[in-house]
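Letters A, B, C and D mark the chains as written, and numbering starts fresh at 1 in each.
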Amino acid sequence: MDFAPSERTHALTERLARFMRDEVIPAEPVYAAQLVGGADHRQWRQPPVMEQLKARARDAGLWNLFLPGLDGGPGLSNVEYASLAELMGHSFIAPEAFNCNAPDTGNMEVLHRYGSEEQKRQWLEPLLRGEIRSGFAMTEPDVASSDATNMRATATVEGDEIVLNGRKWWTTGLGHPHCRFVIFMGLSDAQAEPHRRHSMVVCPLDAAGVQIERMLPVFHDYDEPSGHGELHFANVRLPLSHVILGAGRGFEIAQGRLGPGRVHHCMRAIGTAERALSLLCKRAQSRVAFGQPLLKLGGNADIIANLRMAIEQARLLTLKTAWTLDTRGSKAALSLISQIKVVVPMVAQQAADAAIQIHGGAGLTDDFPLAQLYAYARVLRLADGPDEVHRAVVAKLEAKAQLAVENRA
Amino acid sequence: MDFAPSERTHALTERLARFMRDEVIPAEPVYAAQLVGGADHRQWRQPPVMEQLKARARDAGLWNLFLPGLDGGPGLSNVEYASLAELMGHSFIAPEAFNCNAPDTGNMEVLHRYGSEEQKRQWLEPLLRGEIRSGFAMTEPDVASSDATNMRATATVEGDEIVLNGRKWWTTGLGHPHCRFVIFMGLSDAQAEPHRRHSMVVCPLDAAGVQIERMLPVFHDYDEPSGHGELHFANVRLPLSHVILGAGRGFEIAQGRLGPGRVHHCMRAIGTAERALSLLCKRAQSRVAFGQPLLKLGGNADIIANLRMAIEQARLLTLKTAWTLDTRGSKAALSLISQIKVVVPMVAQQAADAAIQIHGGAGLTDDFPLAQLYAYARVLRLADGPDEVHRAVVAKLEAKAQLAVENRA
Amino acid sequence: MDFAPSERTHALTERLARFMRDEVIPAEPVYAAQLVGGADHRQWRQPPVMEQLKARARDAGLWNLFLPGLDGGPGLSNVEYASLAELMGHSFIAPEAFNCNAPDTGNMEVLHRYGSEEQKRQWLEPLLRGEIRSGFAMTEPDVASSDATNMRATATVEGDEIVLNGRKWWTTGLGHPHCRFVIFMGLSDAQAEPHRRHSMVVCPLDAAGVQIERMLPVFHDYDEPSGHGELHFANVRLPLSHVILGAGRGFEIAQGRLGPGRVHHCMRAIGTAERALSLLCKRAQSRVAFGQPLLKLGGNADIIANLRMAIEQARLLTLKTAWTLDTRGSKAALSLISQIKVVVPMVAQQAADAAIQIHGGAGLTDDFPLAQLYAYARVLRLADGPDEVHRAVVAKLEAKAQLAVENRA
Amino acid sequence: MDFAPSERTHALTERLARFMRDEVIPAEPVYAAQLVGGADHRQWRQPPVMEQLKARARDAGLWNLFLPGLDGGPGLSNVEYASLAELMGHSFIAPEAFNCNAPDTGNMEVLHRYGSEEQKRQWLEPLLRGEIRSGFAMTEPDVASSDATNMRATATVEGDEIVLNGRKWWTTGLGHPHCRFVIFMGLSDAQAEPHRRHSMVVCPLDAAGVQIERMLPVFHDYDEPSGHGELHFANVRLPLSHVILGAGRGFEIAQGRLGPGRVHHCMRAIGTAERALSLLCKRAQSRVAFGQPLLKLGGNADIIANLRMAIEQARLLTLKTAWTLDTRGSKAALSLISQIKVVVPMVAQQAADAAIQIHGGAGLTDDFPLAQLYAYARVLRLADGPDEVHRAVVAKLEAKAQLAVENRA
C-alpha cells in the first residue's frame, strides 16, 4: 500500500502547484468579472481568460493529466493523479484550465475505453483538445434516481436507428457554450436480465427532439457558464452507430465510468476542504475579538484540530481507494469507493460550514469563495449516488465479509 | 410555567392559520413571479400581491400582532405571540404580510418604548401602518462584530447636531423600495463608562453622506426585495432630535431591543424547521426506491424521529424563554435567550439539510423552498451574535450559578 | 400546558430538597461502607442506614410520593411528581429511602390499579409500607426482547392453576434481601389476538421451580444490594388467583404500567444529568492547568453550555410528557414517552461522560459517583425498550400525523 | 508513504494470527476462570495459563516483537509492527502473552535506549525474558496532570543518592504479582530551564518508603492481575545509579518514550474497535426482531457502515503516523501522534458502545467482552494525555503551519 508520489508525479505536482499559484489563482477575479450570470444559459459566454489558461496549461504539459495512458494522456495511476486532482480542487476554475473537469473526464474515459473509431474521431478527439464540452444524462426528475432500476427514459432500437425518449436533469456542463453532446442512458429492453437492459448513446445537442428545458440553481447559483441542466428527449432518432459498445451494455460502461469519476471528485473535494480550512485558519489568526485572535476563543482551536484530523483521514482513505483501483481493480474497490463518497463530501461540507461561521456574515457572501465551496460539497453528497445509498453498500459488503470470516473460523 | 395559549390567542391562532392556508401560501408563487431579482437593488420592486395581502391581513385584524400593547397592537405576551410567530415562519412572505417582519418589528419596539413624540409621529406611525420600512445598522465589515466593543463607527455630538461616520453592513431590509431610514448605532464617547459610550440615531436614507454600497448575497441569494445591505456614512449631519433616548444610551436600548427580537426570530425558525420536516415527510412517503417508500429505507425513519424530538425540545425552550421574559424580565432570561439562539437555528439548519438530502438534487433548486429555508437558518446562526458568543454567555452564567449553589451548600 | 409546581408541590419540593441535603447525601458514604459487595447476592445485606432513612422519610411525610392518590399516596399528578423525582435522581440511595424506587413503584401501581383485594392485601400493602421489595420479569435472554412478540416464556392455565415456564433476566431488584416476589409475564394463548396472548402473574420467589441463576453486572458493577438478576421458571405452579386482572390481559396492564414508569425513570435521569453537570462545573472551576482553571481552556466552556441547553430541553420535554399523561391520557402521550426515552438517557450519558473526562482518571474510579451515574444512564438506553425501538415509534407516529395533515389540506 | 507489510511481516502476521486463533482466544475463558478478582491486589495471582502462553509464544518466535532491533527483538519498524499490534488488540490477554504489553514495552524501550549497563542487566533483561513486570509513575492525584508542569513529586539529588517524595497514581501494572519496579518521574530542580527540571528514576517496589495505597477501579473493574495503582513515596532513598540518563533529563526521555507508546496503544485500539465491530455484525445478523435480522432494522446498517469508515480511516492515520515516525522521526510526527490519540480511542469507544447497544442488556455484562473493550477505549481517552490536550497540540501546529504557508505565498 504505497501512497508516495512517484518521482514523475513529484515533479508534475511541483509544476502544477506553481501554475496554480502563478496563473490560476490570479485569474480567478478576472474570470469572475468576465462571467455573464443569470438563469438564462443562452446568455452565458466562455470567459476569454479561460481559453488563455487552457493554452498555457497545454503548453506547460499540464493537460489531460487524468487520462490513463495513450491518446496524449500521461498515463498516471489513480494514486499518482490524486495529489494533482487535490491541487486542482483548490480553485473552481482549475479543472477546466487543465482539461480535467467533470463530466468531460468521465466521458473521455468512456469513449477512450469503449468508443468506436468513429466515435473517438468525432467526439473524443475534440474533447481531448479542449475544443468542445459534453454532458452526462442519467438522473431523472420524476423518480428516485438513487435506485437505477427506476430509470424511465428509453433508448429503443428500431431497425438501424436508436430512438431516445424521456426527461433527464442534473446534466452538469449542459449550459456551457462549448457543450456539443451528452451521453444519454436509457432503457432498451425491459425483459433482458437486469444488467443488460440499458444503453448509453452519444446524443448531439442539435439532434431533432432534444430540448434544453432550463438550468438548475444550487442554492440560487447557476454555476455559469457550465451549469446543471434539465433536458427532454422526444423521439430523438439517431443512427445505431451512436450507441456506445452496443445496445444493452449501459450498466457495464457505467460501472467502469463511475469508479474513477467518484475518486476524482473526492480528490478535488479534499482540495476544497483544505482551501476552506486554510481560509478558516487565516481568519482565526487575523480577526480579533475580546482582545484575542479568534483562534484563542472558545472551541475554535478544537474546530481546527477536528478538521485537520478529518481531512487527513479522508485523504488517506481516498488514496487507499485509488491504490486499490490501481492494483486490484474496481470490484475490489467497491466498498472503498462508496466509503469515500460518504466521507469526503461530508468533511468538505463541514470544513466550509465552519469556515463560513468564523468569517461571520462575510462568509456567506461572494467576498470569499466559501459559499461556493459549500455548494460544491453539498451537491457532492447527492451527485453520483446520495450518501444513503453508499452507506447501504458499505454495510452490505461489511456484513458479508464478516459472515465469511465467521464461517471460515 | 404555563405555555398554553390563552383563549384569545387560541382564536387568533386559528384565524391566522386559516389566513396562512387560504391567502399566504397560495400567494407564494404569485409573489415569486412578480419579483424583480438580481444584485442591483435599485431594480427591485414591491410585488403588488404583497400590498394586497397586507390590506387583507389588516382588515382581518391580523396586524402588528408582535406589538406589546398600545398603538394598535393587541398587547400579546411573548408566550401568546409565540404560536403566531411560528405559523408565520412557515412562509417567507408571511411576516411582512402581517407587518411583523424583522427588523421593522424591533425598530417599532424601540421607537414605541424609547422614541420621542416627534420620532413616533414621523417614523413609528407610518411603520405601524405598513407604509414604510426600515433597517438597523450595527454590524461592521472591518471588525469582528461579535465583540460589540470593536465597533468603530462614530456618532459624535457637535453642538445641536449629531455627526455619523463609518461603515455598516448586514442591514436587513435596506434594499426594500419602501425603506426610508435606518437606526444607526455608533460610538459617541470613548471615555465614558463602557455601557454609556454608544448612541442610537434615526438616520433617513436620503440624508446627505449616506451611501448604499451594495446588497450582500447569502449563498448567492439577494433576498430581494428586502436584501441585506452595506452602507457608508460620511459626515452625515442630523439634528440632535434624531438621537433616540439621548446620546450615550445606545446599549441600554440595544439590550431591550435584542431580547424579544431574538425570541421572535427563534419562534419563526421553529416554523421554518416544521415546514422542512413536513416537506421531508411528504417526500419520504411519496417517493419510492428499491420497492419501498424512502421512509422505510436505511436510517430515514431515525432522521424523522430525531428531528421531531429536536424541534419539540427547541420549541419548549423557546416558550420557556418567552415565559421568562414575560414574567421575570429580560435579565432573568439572559441565559435562555442565548440558549435558544444556539439551539433553534441549528435545529432549523439540520431540518432543512435533511429535507434537502431526501429530495435529492431537487432540494437544492427553487422547485422547493428548502434552499431558502436553509439559508434563513444559516444566517440566523450568525445574525444577532454568532453561536460561539451565545455559548460563552450560557457557560459563564452556568458556572456562576453552580458556584453560587456550591457556596450556599 | 402549565408546568409550574402547585403550591402543595412547591412546599413538598422544599422539604424533599432539605431532606436530600441533610439526610440522604450525608448518608451516602455510610451506606457505601455498610454494603457487602460482590457477585454472590446471597451475601448481600440491606445497609442499616437505609432503614433509618426510610423511617425518617416516612415520618417527614416524604413517602410513596409517586403514588397517584389513595392508599396513603399524596395523589400527585405526573407534573407535580416530576420535580420531586428529579431531586431523588441526584442520589442513588434516595429513591428507596422515599419508597419511590423502580421497579417497586411500577409494581405498586399495577397492583393498585389492577390487583384483586387479596393481591393488594398480601403484596401491595407491605410494599407500600416498605417492608418488602419486588421485581418485574419480562425480558428474556434468548431472544431480542425489543420485539415483545418474541417472548417465549409461558404462563399456561391448567384447571385452577397457572403454570410458569421459561427464562427471564434483567429483573431489577431481584437480589435485594427484601425481595419477595416478581411480576412474571408470559404467553398464555398463542392463538389469541396479538394483544390478548399474555398474562401477568404474581410469583413468589419461594415458589417451587423458581431458580435465581445469577446476578448480572453492568460494567462490572452488581448494583448491590438490589442487582439485576436472571431467573428460571421450571413448571412453577400457582393458584389462578395469582394472575393479575385475568389471563390474557398482560399487554393491557403493560401499557398502563410502562408509561408512567418510563416518565419516572426519565425524571430521575434528569437529576442524574444535573448531578453530573454540577460535578463537572465544580471540577472545571477548581482544577488548574496551564495557569488557568479548566473552565477557561479549549472547548470546556462549550461543553458546559451544550449540556445546560440539552438538559434544559430534556427536562421540558419530560414535563410536557407528564402534562400530556395527566391531562390527555397515555395514548396521546405515546410519541412523547418514546421521545423522552431516547432523549433523556442520552443526555444523561453525555453529561456523565463529559464529567468523567474533565475529572481525568479520577472520574473512572469510585472516588466520584460518575462511573455509577454513567452506568445508570447507559442501562436506561436499553431498559424499557432500546433507543432504536422508541425512535421507530416516534417516526411512525410522525409520518402518520403528517399524512393526516396533508390529506386534510 | 508505503504502508504495505514487508514480506517478513507478512509471514509474521500470518503466524501471529494463527497463534491468536489457536492459542490465545481459546485460552480466554481458562484465564478468566483462573483469575482471583477483587479490590485487594495482594490476593491477585498470575493465571498459570498465561505462563503457558508466554512459553509457547516465545518458542514460536512471537516474542518482544515491539522491540526496535537488538536485544532479541526483531527490529521491526513501527509500520511493520502495526498490523501485529492490531491483532494483539483483539484479546486482552494477548499483549502479555507476546511480552508486548504496556507499560512494560515503554519501559523496555527506555532502558534499551537510555539505560546504563547495570540498569540493563538488572531490569531490562528480566523484562525481556518476561520474568518480571514494571510500572510507570508519572500522573499525580492532586493536580491536573494534563499539564506536566503541575507535577509535584520530587526526585532530589542529595550527595550520591536521589530522594523520592510524592504521590502517584494510574500506575498500570502495579498490582501484578510479578511487578518489581516502577520508573518514577519527579522534579529535581525547579530553577532549571523547563525541560531540564525532571528526572526519571528506577525505583524498586521493595525500597523503603514505597507504599502501594490501593488499586483503582475503572467502571468498577480492577483489571486484575495488572491493575492501575496509587502509590506514595516517602523519603525513598536510592543510589544515584538508579537515575536514568542523568538527573534533569526526564523530559528528554519522556518525549522519546511517549511517541511509540502512544502509537502502540492506538494500534491495539484499532484491534479493539475491529473486535467490537465484528461482534456487532455477528449479533446483527443472528438476532431477529419484527421478523428480520437486526441488521435490516432502522439505522443499524448505517451504524455498521459508519464504523467501518471510521475504523478504516483511523487505521490509515495510525499507519501514516508510524511511517512518519519510522522515516522522519518523532518531531515530524508530533501532530500525527496527537491526532491518533484523539481519533482512535474515540472510534474504539463508539464501536464498543454501538456493539453494546445491539447486544441489549447482554452487552453490559461479562457474557461478552464488550464492557471490557469499552473500558479500555474510555481509559485511553485520558491516558497519555486527555483528548483536550492533544487537540490543542494539533490546532497549534496547524495554525503555525498555515501561517508559514501564508507568509511564504
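Rule of thumb we're sticking to: contacts are C-beta pairs under 8 Å (C-beta built on N, C-alpha and C of every residue); 3 or more make two chains touch, one makes a residue touch a chain.
Everything numeric here is computed off the predicted structure, so don't read it as measured data.
Among the remaining chains, those touching chain C as well as chain D are A, B. Counting C-beta pairs in contact, the pair that comes out ahead of the other among B-D and A-D is A-D.
The distance from the centre of chain A to the centre of chain B, each centre being the mean of the chain's C-alpha atoms, comes to 38 Å. For the pair chain B and chain D, the distance between C-alpha centroids works out to 53 Å. Between the Cα centres of chain A and chain D there is a gap of 43 Å. The set of chain B residues touching two or more other chains comprises 298-299, 301-302, 391-392. Put simply, chain B touches chain D in their complex at residues 298-299, 301-302.
Interface of chain B with chain A (complex): residues 38, 139, 141, 143-147, 149-150, 169-170, 216-221, 228, 287-290, 294, 297-300, 356-357, 360-366, 371, 374-375, 378-379, 381-383, 386-388, 391-392. Against chain A, in their complex, chain D makes its touches with residues 1-4, 21, 277-278, 281-282, 284-285, 295, 301-302, 304-306, 308-309, 312-314, 316-317, 319-320, 335-336, 339, 342-343, 391-392, 394-396, 398-399, 402-403, 405-406, 409.
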